[in-house]
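There are structures below to look over.
Across the two complexes that follow, subunit A remains constant while its partner is subunit B and subsequently subunit C.
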Partner chain A sequence: MIPEQPPATTPRRFGFGDQEGARSALIASVSTLVFVLVAGLLIVNSPSWPKVRQQFFSREDFVASWPDVLGGFWVNVQLFFWAMVTIPVVALVVAIMRSLRGPGFFPFRALAVIYTDLFRGVPLFLLIVLLGFGVPTLQIAGLPRSATFWALVALTLSYSAYTAEIYRSGIDAVPESQRASARALGLTQTQALRYAILPQAVRNVVPALMNTVVSLQKDVALVSVVGIREAVREAEIYTSRTFNYTSYVVATVLFLAVSVPLTRLVDWYTARDRTLRSQALT
Partner chain B sequence: MKKRIMSGLLALALVAAACGDDTEDTEAGGDGASCDGLPTKVEGTLTVATGEPVFPPWMIDDEPSNEQGFESALVYALADELGVDEVTWVRTGFDEAITVGEKDYDFNIQQYSITAEREEVVDFADGYYQVEQAIIGAADSPAASAGSLADLKDLRLGAAIGTTSLDYIETQIEPSTEAAVYDDNAAAKAAFDAGQVDGIVLDLPTAYFVTAVEIPDASIIGVLPRIDGTPEELGMLFEDGSPLVPCVNDALAALRDAGTIDALEDEWLNQGGSIPSLSN
Partner chain C sequence: MTVGPNGPKLMLEGVHKAFGPKRVLNGLDLHVDDHEVVCLIGPSGCGKSTILRCIDLLDTIDAGTIRLDGEPIAVGGRPTGGVVANEVRRRIAIVFQSFNLFPHMNVLQNVTLGPRRAHGVGKDQAEEQARELLDRFGLADKALEFPNRMSGGQNQRAAIVRALMTKPELLLLDEVTSALDPELVGEVLGVIRELSDQGLTMVLATHEMGFARDVASRVAFLNEGRVLEVAPPAQLFGDPTEERTKQFLRRVSEAGRL
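Our next item is the complex of A and B:
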């Protein structure tokens, strides 16, 4: 018996040959086109469409509100950036504290549990108000009074609690045998964590982490409650002045311009990572 | 299988397109404004919307129906003038009121300033109050000694969103630090307590109330000069094309001629004594 040769190319996901693939692509594009056309016709032919278009998709208002909303979006980007620096660090510390073994580490584990329970439980909105307005009102010497600073702290506390749990699920998902093997090879607990557990744990949870990142990007808008003029607030200001909602469409476009490439990037990264790992196994 | 889906989609498309084309003329024939059979949403009742919550001195105790506070008292006087026995109150957010389309109340009253831009989307009755803008700040702050708009330029100022006070800061004061914007005056007050703003710009009647009750540490630094000398008017907000507007305008004019509106202003809004005016 001649052993069966593995196929030269992996089968494509849709269709089985180029012809079949082209046909699927054609059908897909035609049905998409029909769907978009129908939806478009339905909307455009509805009796109030001119009013809706004027209120949500007005060209003049798009142009008029663009600079302010874009300026506000820069505030979002900056806050987002700094939060992306602080959150992973704090979250990792909390997750590691929670995964420490041994009775001696009980206080650390307890602290980590309280931290996650508390900051995941308190609505982010309240956290921002409490820290943004509350702490500066205490007038404690040496503490910053800037609303932006405290908003960043609030974002970090809340999101690091969620992120710590994601890390922890990643850590827990690494088979116990990995830890045991690492220890058997003579690694200390810290070394085992650093060189055996965490690299696998973090890699496992990248998609879940990215979910949080996209969510964070939108939640940054909540900081407007303490007077910070980010993109959504700028859009709101424009709307309250003109009674026109096009400015929100401007904000939406800006948010999508960041979140869609971000999501695609992660999809690409995860797919590549999976390929590399499966190749490494064969 | 795919073919079946395709033809299904096409069928759907045709049906949908057919429905889409079938635009019934739903526009009600706008008959001439007759105020005899008052064209209210509910016959014999004036359905009036306001904010949630509502603040003194415009309304008292967050209770529009107690005829206390300037706007509440005005609405009941207006209802009398229109010959309507009953007033029903509904609560709306700012945003619900400013969208195009039909509204389920006759008009909305929550200190909406009448501006040309807003009038493209909704209708306003004639103004019921000429409002002045004022700035409040801590009595011991550098803001307190301000004598003109130029003295306010370097202050960190705040205002509530949706107010002309915010527009005033941006177009007239043009501060060196961008004005902070809050959801309402309560949040602006919190920021003031937190030391994040030096001054808050708001309408004068609200400023009287805030400095008397909510932030006793703050005082009214001054009344701000009018923009181009033009007074700012507060107006009742109606859905675009409401047949009720001319009737309400007639009634408001009658109330003004009879001195009722002046009396209400004296009773509710002009309680603060004399306040210095800032120069341009």
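Our next item is the complex of A and C:
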């Protein structure tokens, strides 16, 4: 019953066919080279380029600011890591609350809707400011005073609202017949969700979730606004001391070093997922 | 046909069901005795599938009563409580037209999910029972296969095994051969015939008139949400009393399906 697999072909990663591969690659290389040369010459020959180079691309300042900015970047990585732990959990709880059926669960559904509306509606920047500066000022006994903690809370609240919607779209995409089928076996609503619906829902949305991860990795830089000494904040400190902006370039390089591989990974995974799914259909 | 102390196994009285403005069941009466196989036939949209979904409490009814062993399990206008519904669904099993196996689980995981999670059967015991049933229905080598790697007929047989795993008192079959290629229909019908020989109580919605004639204790002809006529197959197919039934059977036989 299983049809023959189509013959394996070289992956067309950059859009070149097999036959004209070499020729296309040559044209692409030449045109890229020409483009880079022209753009580079335009920039380098602009009247104020020496000044820009001194301000943004100074070798000495790169070396001098590197240790502090790198140290700050480690804070970004830690925040990113913890947010990656908290967001999927909170988001899943919200998504499940929103997809519960029956009149008895109305309060849960309402709560989930209010939550997503509220935290998707507030700019992340404002949320970080409000929580990072606001809550410690309240001086409520028992609540942590650390701005880093509240920045993490702000990231979690905002990103969970988006992620919950992604989960929910995945849950909605599972056919109703799967739920009926699970309930017909005598499973409770929770069991049907746990064993039949959620595994399929999560599989549906992995590419979308991974895009959120890439975006989160960059948005972690926003916490600098409440004075946390992460990469951007350290760059800012260096600039205010030396009036040289190279430290920001250092921070940019560090963020790119993580986000570019991450983006490639997402693309690779999404393409693989698409191939696997189309094979399953034939 | 044995009638238990509580009356028929299944009893539907005056069942009404509408989806929005569309009235699907219109005061339907039907009873099914123990060990009986009742086939529901009738034109598309006559409510065959809806009845089965209502019996398994997957849809609520608007009016009337459905009784299992004399106990009302669904009463019109009153949604059945969650606990009762789960209890009822553990006694009744349903097989769907489009199999509805879980695509992320292999056959063994599919068929043991119900016993393990809804009936609290241990993993080893459930798997042993599953292998026995899979073997009986010619799926012994498919235990670790995923649904999308199997034919429609194999999928449907696996779905029937999944339904049987919980030893249901009543099996509902909703046009289980309609989604199959013609050459795969036979293998599934063979399985159902075997179950009927063993005395399992079943309600089948079907388009396979030949099969209904062969396997049914009684055949019910449905029209516009009511049972218009119910009789043993020889009588219903040989000498129907209602004009509408004759008309339907004539059309079916003209299409070469009788």
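Observations on the model:
One rule holds for everything that comes next: the second predicted complex is superposed on the first by the 252 of 282 C-alpha atoms of A that agree within 3 Å, B and C clash if a C-alpha of one lies under 4 Å from a C-alpha of the other, contacts with A are read in each partner's own complex, and residues count from 1 in each chain.
Heads up, the rule we're going with is that a residue touches a chain if its C-beta (ideal position, glycine included) is under 8 Å from a C-beta of that chain, and two chains touch if they have at least 3 such contacts.
This structure is a prediction, so every number in the text was calculated from the model and none was measured.
Judged by the touch definition given at the top, the superposed model places A:A201 against neither subunit B nor subunit C.
Residue contacts after overlaying the shared chain place A:T188 against subunit C, while subunit B stays out of touching range. Applying the stated contact rule after C-alpha superposition, one finds that A:I27 touches subunit B and leaves subunit C untouched.
A simple residue count on subunit A separates subunit B from subunit C, and the partner touching more is B. Touch criterion not met for A:L155: it reaches neither subunit B nor subunit C. Interface residues of subunit A facing subunit B in the complex, by the touch rule stated above, are 27, 30-31, 34-35, 37-38, 41-42, 44-48, 51-52, 54-55, 129, 132-134, 136-137, 139, 145-147, 224-229, 233, 236-237, 239-245. The touching residues of subunit C, counted against subunit A in their complex, run 53, 56, 58, 82, 86, 89-90, 93-94, 96, 98, 100-104, 113-114, 117-119, 148-151, 154, 162, 166. Partner subunit A is touched in their complex by these residues of subunit B: 2, 5-6, 9-10, 12-13, 16-17, 19-21, 23-24, 26, 94-95, 98-101, 115, 117-118, 120-122, 158, 161-162, 166-167, 178, 180-183, 187-188, 190-191, 193-197. Those residues of subunit A that touch subunit C in the shared complex are 1-2, 102, 177-178, 180-189, 191, 195-196, 199-200, 203, 280-281.
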